[in-house]
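The block underneath contains the structure these notes are about, expressed in structure tokens.
First chain written, first letter: the chains are A, B, C, D, E, F, G and H, and each begins at residue 1.
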Amino acid sequence: MSHATDMWTLYGAPFTSRLLIGSALYPSPAIMSEAILASGSEIITVSLRRQAPEEAGGQSVWTHIQKLNKTLLPNTAGCHSVKEAVTLAQMSREMFETDWIKLEVIGDDYNLQPDPIATVEAADKLVKLGFKVFPYCTDDLVICQRLRDAGCEVLMPWGSPIGTGRGLMNPYNLQTIRERLPDIPLIVDAGIGKPSHAVMALELGYDGILLNTAVAQASEPVVMAKAFRHALLAGRSAYLAGAMPERQTASPSTPTLGMPFWHQS
Amino acid sequence: MSHATDMWTLYGAPFTSRLLIGSALYPSPAIMSEAILASGSEIITVSLRRQAPEEAGGQSVWTHIQKLNKTLLPNTAGCHSVKEAVTLAQMSREMFETDWIKLEVIGDDYNLQPDPIATVEAADKLVKLGFKVFPYCTDDLVICQRLRDAGCEVLMPWGSPIGTGRGLMNPYNLQTIRERLPDIPLIVDAGIGKPSHAVMALELGYDGILLNTAVAQASEPVVMAKAFRHALLAGRSAYLAGAMPERQTASPSTPTLGMPFWHQS
Amino acid sequence: MSHATDMWTLYGAPFTSRLLIGSALYPSPAIMSEAILASGSEIITVSLRRQAPEEAGGQSVWTHIQKLNKTLLPNTAGCHSVKEAVTLAQMSREMFETDWIKLEVIGDDYNLQPDPIATVEAADKLVKLGFKVFPYCTDDLVICQRLRDAGCEVLMPWGSPIGTGRGLMNPYNLQTIRERLPDIPLIVDAGIGKPSHAVMALELGYDGILLNTAVAQASEPVVMAKAFRHALLAGRSAYLAGAMPERQTASPSTPTLGMPFWHQS
Amino acid sequence: MSHATDMWTLYGAPFTSRLLIGSALYPSPAIMSEAILASGSEIITVSLRRQAPEEAGGQSVWTHIQKLNKTLLPNTAGCHSVKEAVTLAQMSREMFETDWIKLEVIGDDYNLQPDPIATVEAADKLVKLGFKVFPYCTDDLVICQRLRDAGCEVLMPWGSPIGTGRGLMNPYNLQTIRERLPDIPLIVDAGIGKPSHAVMALELGYDGILLNTAVAQASEPVVMAKAFRHALLAGRSAYLAGAMPERQTASPSTPTLGMPFWHQS
Amino acid sequence: MIEVRVNSELKQVDAGKSLAALLADWGFDSGKVAVAINEDFVPRSIYASTLLKAADRVDIVSPVQGG
Amino acid sequence: MIEVRVNSELKQVDAGKSLAALLADWGFDSGKVAVAINEDFVPRSIYASTLLKAADRVDIVSPVQGG
Amino acid sequence: MIEVRVNSELKQVDAGKSLAALLADWGFDSGKVAVAINEDFVPRSIYASTLLKAADRVDIVSPVQGG
Amino acid sequence: MIEVRVNSELKQVDAGKSLAALLADWGFDSGKVAVAINEDFVPRSIYASTLLKAADRVDIVSPVQGG
């Protein structure tokens, strides 16, 4: 398989890069732009916030994001209720002129985890309103099934809590979701801290990764962005290549047949 | 940093790729050649065995290996004593016209681990004989120090037993070796099963990876070779980029300032 | 602290043992009885099933369970809907003459995980019907909060899927639940395979363990029951004793002061 | 099996407790004595150091240790050479009137790991001098075999570096040693931080544990000592009982046969 | 006679007979079982006054081991 | 004049003015913001015909970075 | 004639023949193999002057794949 | 008088005195210590017959807690 032809689709739109990247927490707008370009990502997450009129006018990161000319994925980050999430999604659709929405309904301010019940309810409402929903959810198979049943055509279980960089806390759950839902695009969202985490997710059969802090808060965001670009290619190829089975006991690679110095007496 | 300029040196010889790859266990010589080329590796491990005269004449994998025109790293795989290893090293030097030798002195036939004591003794002898020794050793800091003191200018601790594909069994030990021996090239040899394992090793600050089974025994060796090529670029860039610290608690990426729907009463 | 005084309470009832044990899957009713006695457990889970009249009459495990004269915790194992769970709970209350119910509403037949949404809904209904609900749930903090808000006075997050014996798949989530819900009794239910798993759970601050397969399917169920009895005492004492912090680097236990053989020159 | 009859022997001496405990780092001599008694341990590690004449006279922890009337295991902690270790062992034999010696030859001051080569050499010398050697070693199978060949009748591989409390860093290696050396008593020495670590070691088939910091530095050393006493009983029983195999997929404990509410249509 | 399902088996029963009487006919000891009809719980106290309708789904359960 | 909250700040506004006019007064470019009143979305197309009531809670947001 | 082991096979050889000549007899191309006698390395440069003794253990190896 | 190191401290001692006598002078109870000279073990049984040489390194240790 050649990477050129290894496309994937999200709500019918084809993409080559398997990295969705956030636009927050970079040292500067210029570094953000450079890092996003280095990452190869084609999809950028954005948000809506109250701003003073002069900022709302556009002297901000937003102008840099627009210049990148990438597909935008607005989020409902910070919403704590179905009502808030649905209204913010509608505002995003008008503002960003896209029916894509990354649905976040926070259920707890300590681990910032999604509220499973409210997320399913909001997803159902948004799908009925014509949105293409990218739900941020936990690694719970049943909640993932409910979201799919509500009409989500992609699911985004977390690896670990937002901003912790702990990677895949529960590979068993993530693998179970993949096995039980073989046909829907699965993206690990939140918790990715290092490229090895992203490679592991794709080795498990996940289709993509959504991250922000791991690149934005690296000492060298642009270099880390490049690292993740390679990581996603590595993980995807590894999945397609079919890794060797893990073995309990050692077995030599070099042939044992013809080993010198051995002489039957 | 650009990968072009991110070279490393082994006994004074500069290399770009951080992957050393074995030539055994492939489905066919043709696939071996294609996989090694796809891996980007510049160093191939080879060995010496008793063969019937007609094979020794060259109708074999060896002719394919020669065509690849890469740097050769002969090994002493299968040797169980200092004497065997030293003699096989001398035969390799003549046959392959290189003073490089991957030193393996097996200490146990169950886990195929190196014999720490015999490996240090053999390394000492080989260095005195003018060899450039690449010692395969366990993840034991003190043994690594002895090998360096014996004149080894590169060390190759195992990740896990040969052919198990278990990855890095003991990251703590590997990290300790890196911290205590910051200036010598460190290569994880043996146990790598998936690209994520290789990325982890380089994220820890290791300089390279030596593997064979993970590529040769993948369902699609050529695709897996490409996966490892990207994995090494990912891991190296991640190390240079300086990963974010892992955090115990969640912190939001999207700004909380200016969150709508909140009204002081 | 003396174990005699280290009691805990479930819905106002005091208990000394922190082990809740199942009555299924034992080699024989006699071994079940002996194992449960050896475990020191004071609470046994039971269920209701269709049986032929002659069995329903009582030539069964049930007679052995009654002889043990322990507190009974009927379950709704196998129920897939709120309706089924509520009805089976009512039948259990009449049959076992207890308002305690271990609430299970299965959401997926592959991993047998609880359905988070249906479990919260069923818990709410059962509490209103006067039941004392012991909800089997996943390690999801928000679902745990909803169950507590519905009136559950104890929570039973899983360690890993029923019968896998994989132990604590996600210690981070379990710890988060403990930190955020410091005052409600927490029991790890399902997935415990070895005594070390139980000790880990109590070291994390969990109050108890519910298990069945780990004892019933051990080669020697009675000996394993005793092992778990000690494990719960070990884990509880460890929690009360306050474990040393894990350290990154080594530090000697034997005094270094006064080490012989050292002489300043 | 009853614990009373589950004895083990070290150099021919029978013991019931599987815990060997250190006498250092306690808040006070009184707490040391109380903790050691609570731990049930029958073997206490001690050392020799330069002291001012008045202390050497005995106003010290030593008097408390003597009162406990336990079997003493003197150590060579802090020795960095074969010579130092052998001489200190001889001094210990005279002072403590025992031919038992816990052999420590430190190879690196950062991780305080044993020097594998010097430890084997010192063990060989000490055995020839009539000592009963308890070698502190790493989890290296080949070094363990050399120590056994040198005449050690017990081996003490580390779990992790002294005083780190990281538990079993490399269970795979520890398990390999147990499988390859089924008949010699194996004690995990160093790195144990929590009772769950000790239970894991015994579940792997290890015969005992040697620790100090985990009890001495707990907030409540006496309570932690009791926790470890139970942990060793739990771990040993678990090993004898034969744990259930870990399974990949869930399987119900409660019978599925006779589940109500199901009606064929 | 009407047809009902008892623990998923088809049975012909006399529409006039109480649940209490039917349980006895079927060999069950009322004190040792619990009953649901069409997935609704039926308390023991009303067995004597409970009549079945055609196509009713009757569940009769008794204690077993559980996990 | 009525009192409303705009992005949680109290403001006195002329009850007769349209949302479109008020946004302009407040310095916002209608094309660069999205608006909700009392947590209900207000499409741009009806700004001109939308009037505020006393105690309305108005949210005016614009694009920012997001994760 | 003396008896030696060549790659663990017993062979009768003419004690007077050089290793170089024997390799040729056995069908090996001297340029494509490396040799050890009794586990001691024998450089190619001395094949012509090397004679075998009875019971010598001769190893003749050539390149193969390795890991 | 000669100079020796005792537990790394320099001391002047009478070359004619036995180790037994010196230990007593220094305040040690022979029964409660173990001794090494120049890193070689000195058994208690020969303290009385042991003399020190100039620059000897003497170690005198006694029991302490250990891990």
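To be clear about the criterion, a residue touches a chain if its C-beta (ideal position, glycine included) is under 8 Å from a C-beta of that chain, and two chains touch if they have at least 3 such contacts.
Note that the coordinates shown come from a computational prediction; the quantities given were computed from them, not determined experimentally.
*Asks:* Mind listing the chains that sit against chain C and also against chain G?
*Replies:* Output, common partners of chain C and chain G: A.
*Asks:* Centre to centre, using CA atoms, which chain is the farthest one from chain A?
*Replies:* It is H.
*Asks:* Name whichever of D-H, A-G or C-H reuses the A-F interface, so over half of the contact pairs are the same residue numbers.
*Replies:* D-H
*Asks:* In whole angstrom, how far does the Cα centroid of chain D sit from the Cα centroid of chain G?
*Replies:* Centre-to-centre distance between chain D and chain G: 54 Å.
*Asks:* Report the inter-centroid distance (CA atoms only) between chain C and chain D in whole Å.
*Replies:* Roughly 31 Å separates the two chain centres.
*Asks:* Indicate the whole-number Å distance between the mean C-alpha point of chain A and the mean C-alpha point of chain H.
*Replies:* Centre-to-centre distance between chain A and chain H: 71 Å.
*Asks:* Show the residues in chain A shared as contacts by 2 or more other chains, in ascending order.
*Replies:* If we look for residues of chain A contacting two or more partner chains, we find 22, 24-25, 45, 47-51, 75, 77, 84, 87-88, 91, 110-111, 113, 162, 166, 212-213, 252-255, 258, 260-261.
*Asks:* In chain F, which residues are in touch with two or more of the other chains?
*Replies:* As it turns out, chain F has residues touching two or more other chains at 7-8, 36, 39, 59, 61, 64-67.
*Asks:* Provide the full list of chain pairs in touch.
*Replies:* Contact pairs between chains: A-B, A-C, A-F, A-G, B-D, B-F, B-G, C-D, C-E, C-H, D-E, D-H.
*Asks:* Looking at the complex, which residues from chain A come into contact with chain C?
*Replies:* So the residues of chain A touching chain C come out as 107-108, 110-111, 113-117, 120, 138, 140-143, 145-146, 160, 166, 169-170, 172-173, 176, 179-180.
*Asks:* Can you list the residues on chain A that touch chain G in the complex?
*Replies:* It comes out as residues 252-255, 258, 260-264.
*Asks:* Please output the residues of chain A touching chain B within their complex, sorted ascending.
*Replies:* By the definition above, chain A touches chain B via 1, 22, 24-25, 45, 47-51, 75, 77-79, 84, 87-88, 91, 110-113, 161-166, 193-196, 199-200, 203, 212-214, 216-221, 223-224, 226-231, 233-238, 240-261.
*Asks:* Using the touch definition from the top, list the residues of chain C that touch chain E in their complex.
*Replies:* My answer: residues 22-26, 32, 45-51, 53-58, 60-62, 65, 74-75, 77, 83-84, 87-88, 90-92, 94-96, 162, 212-213.
*Asks:* Write out the stretch or stretches of chain H touching chain C in their complex.
*Replies:* 5, 7-8, 36, 39, 57, 59, 61, 64-67
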